Amino acid sequence: MKIGVFICHCGENISSTVDCPRVADVCRGYSGVEYSVDYKYMCSDPGQNLIKNAIHKYDLDAIVVGSCSPHMHERTFRNAAVSAGINPFMVEIANLREHCSWVHDDIEASSRKAIELMRMAIEKVKRDKPLTKIKVPVTKRVLVIGGGIAGIQAALDTANAGYEVVLVEKEPSIGGHMSQLSETFPTLDCSQCILTPRMVEVHQHPKIKLMTYSEVERVEGFIGNFKVTIKKKARHINEDKCSGCGMCITKCPIKKKAYNSFEEDLAFRPAVYVPFPQAIPNIPVIDETVCTYYKTGKCGMCLKVCDREAIDFAQKDTMHVADVGAIIVATGFKLYNIEKKSGDSKYKGYGEYGYGKYRDVIDGLQFERIASASGPTSGEIKRPSDGRVPKKIAFIQCVGSRDDSKGISYCSKICCMYTAKQAMLYRHKVHDGEAYIFYMDIRAGGKMYEEFVRRAIEEDKVKYIRGRVSRIYEEDGKYIVKGEDTLAGMPVEIDADMVVLATAMIPQDGAESLARTIGIPYDKYGFFNEAHPKLRPVESTTAGVFLAGACQSPKDIPESVSMASAAASKAIILFANDTLEREPVVAKVNEDICAGCFYCMKVCPYGAVEVKDVKDMNGIVYKEVAYINQGVCQGCGTCTATCLSKSIELAGFNNEEIFAEIAAL
Amino acid sequence: MKYGYFPGCSLTSSAKEYDISLRKVIDKLGISFDEINDWSCCGATSAHVTNHKLSTALAMRNIMLAEQQGLDNIIAPCAACYNRLIISQNEIGKHSGIRKETEDLLSVKFKKDIKVFNILELFLKSGINKIIENRKRELSELKAACYYGCLLVRPAAITKFDDAEEPESMEKIIEATGAGAVDWNYKTECCGAAHSIARRDIVVDLSKKILDDAITHGANVMVVACPMCHTNLDMRQRAMKRKYPDHKEFPVLYLTELIGLSLGMDEKELGIDLHYTNFKYADTLLNNSAKG
Amino acid sequence: MDKQNWEPKIAAFVCNWCTYTGADLAGTSRLKYPANCKLIRVMCSGSIDPVFILKAFERGADGVLVSGCHPNDCHYNAGNFHARRRWDFFHELMDFIGIEKGRLQFSWISASEGKKFADVITKVTEDIKAMGPFTAYKKMNSEFTIDFPEEPFEILKPVFQENSDKETV
Amino acid sequence: MSLCYQCGKCSAGCPVRYYMDIAPNKVVRLIQLGYYEEALKSETPWLCAGCLTCSVRCPKEFDLAKFMDAVREIAIEKGVEVKQENILKFHKAFLDQIKNHGRSYEVGLVAEYKMKTLDLFQDVDSAPGMFLKGKLDLLPHNIKNRKEIKSIFKKTSGKK
């Protein structure tokens, strides 16, 4: 092997403390080094030409450049090598600037260290092997999980770019939490009014395949090549036949057995129902758990009244497989509730607020329903317990959020704003009503947000009290809210008619199991982790899986929508190529010596390790070995260190290469 | 099952009836006690508010005695003693420095992990069924407000037996006696406890609030498991009456007295006559002939 | 060997994403630290095999530093957790192997902690200096050891002859 | 100390809050900011009944009740004038009983407390009642090993 050594002075950055000519001289003496030279600016065009010419002239197989950090110019020198006909992975960089000349003063010591660093790189390059980038094909179809505003936005953006979308929603209708809101801050737009057109667009879009009442069961494959299994739960209504006339719903005799979860349990729904009038698709679902037919085999009222014969009691869950190239996860959030939790829950309830036993102590979403014109009270603010109009409401912020003792340390971000909005709506609707807000800090960062909060205080006379509430008692149909005004240093007791708790946003049910299904990491709360908190906020660490909305952390609507569009464009960028190129730094198993212990499978953060059968000449399986899917492997090398038989090697960083570096220390 | 017994100072004096009724009741239920020999005061509030080391040492002295006596567990019927013992135990368990300091003070090494139980745990563990079996008297007229006070269930992380805000264990025991329990607000609110003498005004106000809430929620008797709570809620009703003239006397019983009644014992036997307030249902109850 | 002028040789195994970049930052910040430590870059601290460390001692290192991303900051999600578990275990075995525990040190250094990197290197170098040269393990593998002449540099020979290249794994 | 983010939940739930001069959370704040003297002089720590309501409800799991114990202990050590002196006198009287007898001796306690505070007429309505009901022993119950108790007192005082 013929190696070329190139020492860069980097102007004087390196040469001021490293004797570059001496380093080049010493390297020239090492075995395998065919050519060694130092130059003022190796990264400049003349410098690169120097390298290219040397490669040609001395017929070099590999080069070592002593220069700045590989994070700076590794790519530059690799490109130079490629244009001179050398494999880019036959290039090693010794970091003589950041790790040597800049950090040591003594010329002798840094020159010696530079020589040693060069020696290590030379020994490594001798063992380097040419590698080629990995190419994988791309299926240009995206799976969007979750049909809230983030999922809707992501689906529409991708579909409008001309790619097919499969949109999976676990509820009978898309719309998510946004469809439950009354009005949105800071503009007080009617939430339904701005959302419904988007929902209809999704429904009618030729590129979007909408699967409601469905859940993702299994995800296999890797970026560009996912195979997804989706379970479509039985609606017991034939979707092709149903016209959405709603006759079955009107005639269903079961009226008060099941709570309406869209109305946050403030109302009942029949056994056959659509969650809300604007539901997309407008096809009902029969709830087996309450329907009389499933209990006694009788009734069948819906069957009789349906003139399209769409009722199908025998319908079963079905499985569907979709091939997609990218996945956008937009599963959203749910609200923490204050009820007493079972032993294994991550969170604790609020005994001091009654563990949910007080009927007029409600959460923010319940208030949204009460304030919503389409809600159970038709938009009139009334108490759930007796229907009276509350004359005094206490709003309490940070319930659950920022409360380590309950298990949630983070700020839920949107509560300050929606509480201000709710207090404002209440003051607009009940003119003689008093609104008190107990808060710790007001976090109103956002366009027109701070102004909005000030408006609540200045124009709508909402009274803000800085302090957490310690206890809520019921007394004569009123709720005694015990707080402290920490600004005045005075205890405060409010006898409220209703209390609204701004409870924390937590990940949607099943977020963690979905994350395991897809193979993406999540934090201790169950929020999905982004690949980089600053620079890759919408990508998960698993290639080809993107995140949108509150499933990643608490977010308001504009943020969710921006994130959704960003995730969609990430998918579209991916689809701009027919094949994908990946760095070849991946792990590979030597099947001859693999013992099949599969420890690697346990430690692999990406699920890249599979079981592979090894067959003999007769096609009979005689052992199982680990197989690393090169499309999935990200090249961390954890498996290589874990492997007991030392049969896994990470390309570009294999044991032989590292040992050589060590030996040359 | 045999239990070690740490009565605490109050049960030998101001809360004699608690001791009397407890001994009677457990005797009837076939539980036996082994009193810690030469036990001393747990240090109570006065020690821990002024001298942390002293308070731990005083409490641990009794645990040390129990260990020397070969006991595995201790029943501390007084909520304050229970709290001091369990917190001190937790302290020395958590901080090796305090452990060493206390061990040096008492010239002893703590080896055994002696479990300290409060009175509720005692009945929950080995009483409920026996109470039901031995029930002699109909108590369904009673609507009890179970008052836990502050120290019985706190801190929940250390006591580890009931919820600190909405406890339910005393209600379970009350239901076993056949009496009813009301849901009310001040189950775990503080009565002022240690300020009973030095700041009686505070205690009177706080205790009044507690009694009023019980009355508003339809209770006709209050049940407590702490001698200090009892002193404040029972004895201080006179002072209460002076400060709030419209205050009506409200009976406050020890949990053990109520159990005793259900087991057919009479008022005197249980020491109910030692209270400052009259238990007005006593007559009707006592005349109410035994049920089985 | 002249004890007075003896300078320890230290190998540092660092991950590409956090510590290596942190070391770059120390450089761009012009922080100064002793020149005894040489970095061996791997992709993730999770891929650092204990054998690497043993090899380093065998090949003349007087001390070894292992450093990766902080817990939860791993570029690969969990590699550093595996690393940590492995090191805890390996550290326990050090005495048994016959290497003083202090010769192997761990730290988490993020890409933004240039100062910490410089501090850690300085401290590790001082610690190892105080412990003196490490010779015990080297002797056992004398047939593999190639002594490089310390001075003068001009007569430095190539590291290996090509034919003695093959490592036994 | 730095755990406290001054939400005020402790003060909000404190049963004796209305009797205090400054809110419990403010005592923490004063100490956070280094105003030790102001904190030690406050009545608040002395009025704290040690009911632990604040500690169990604290969202940051800061044990305020224990913190108040510590503030009191430091106040005694530094000889800061205690505004709620009756409360301190009561505690001292109580501890004296234990020191001498090993257990609380209520007659002695009340007598000593009254001597200390010269508040002779409080409780006259209840004490005779207690005596009549046989609840007050006129003679103290002395435990056997009083020596040990005395030595505990001796060793724990003074030092530090």
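A, B, C and D label the chains in the order they appear, each numbered from 1.
Just so it is clear, contacts are C-beta pairs under 8 Å (C-beta built on N, C-alpha and C of every residue); 3 or more make two chains touch, one makes a residue touch a chain.
Remember, predicted model here, so these are calculated numbers, not experimental data.
Peer 1: Taking contacts as defined above, which has more of them, A-D or B-D?
Peer 2: Of A-D and B-D, more C-beta pairs in contact link B-D.
Peer 1: On a C-alpha centroid basis, what's the spacing between subunit A and subunit B, in Å?
Peer 2: Each chain reduced to its C-alpha mean, subunit A and subunit B end up 52 Å apart.
Peer 1: Any idea how many Å lie between the Cα centroids of subunit B and subunit D?
Peer 2: Each chain's C-alpha centroid was found; their separation is 21 Å.
Peer 1: Roughly how far is subunit C from subunit D, going centre to centre by Cα mean, in whole Å?
Peer 2: The answer is 58 Å.
Peer 1: Quick check: what residues of subunit B touch more than one other chain, meaning two or more?
Peer 2: Within subunit B, the residues that touch at least two other chains are 164-165.
Peer 1: What residues in subunit D touch two or more of the other chains?
Peer 2: 53
Peer 1: For subunit A, give me the residues that contact two or more of the other chains.
Peer 2: 352
Peer 1: Who touches whom among the chains?
Peer 2: Applying the touch rule to all chain pairs gives A-B, A-C, A-D, B-D.
Peer 1: Provide the residue numbers of subunit B that touch subunit A in the complex, in ascending order.
Peer 2: 163-166, 185-186, 213, 216
Peer 1: Considering only the defined contacts, which subunit A positions touch subunit B in the complex?
Peer 2: 340, 350-352, 354-355, 357, 473-476
Peer 1: Can you tell me which positions in subunit D touch subunit A when the two form their complex?
Peer 2: Contact set of subunit D toward subunit A: 5-14, 17-18, 22-23, 25-26, 53, 57-61.
Peer 1: Under the definition above, what is the set of subunit A residues touching subunit C in their complex?
Peer 2: Contacts found on subunit A: 22, 25-26, 29-32, 69-71, 95, 97-100, 102-106, 109-113, 115-117, 119-120, 122-123, 126, 521, 529, 541, 585, 603, 605-606, 634-638, 640-642, 646, 650, 653, 655-656, 658-665.
Peer 1: Across the complex, what residues on subunit C touch subunit A?
Peer 2: Against subunit A, the touching part of subunit C is residues 9, 11, 20-21, 23-28, 30-35, 38-44, 46-52, 55-56, 59-61, 75-79, 82-83, 86, 118, 146, 153-154, 156-162, 165, 167, 169.
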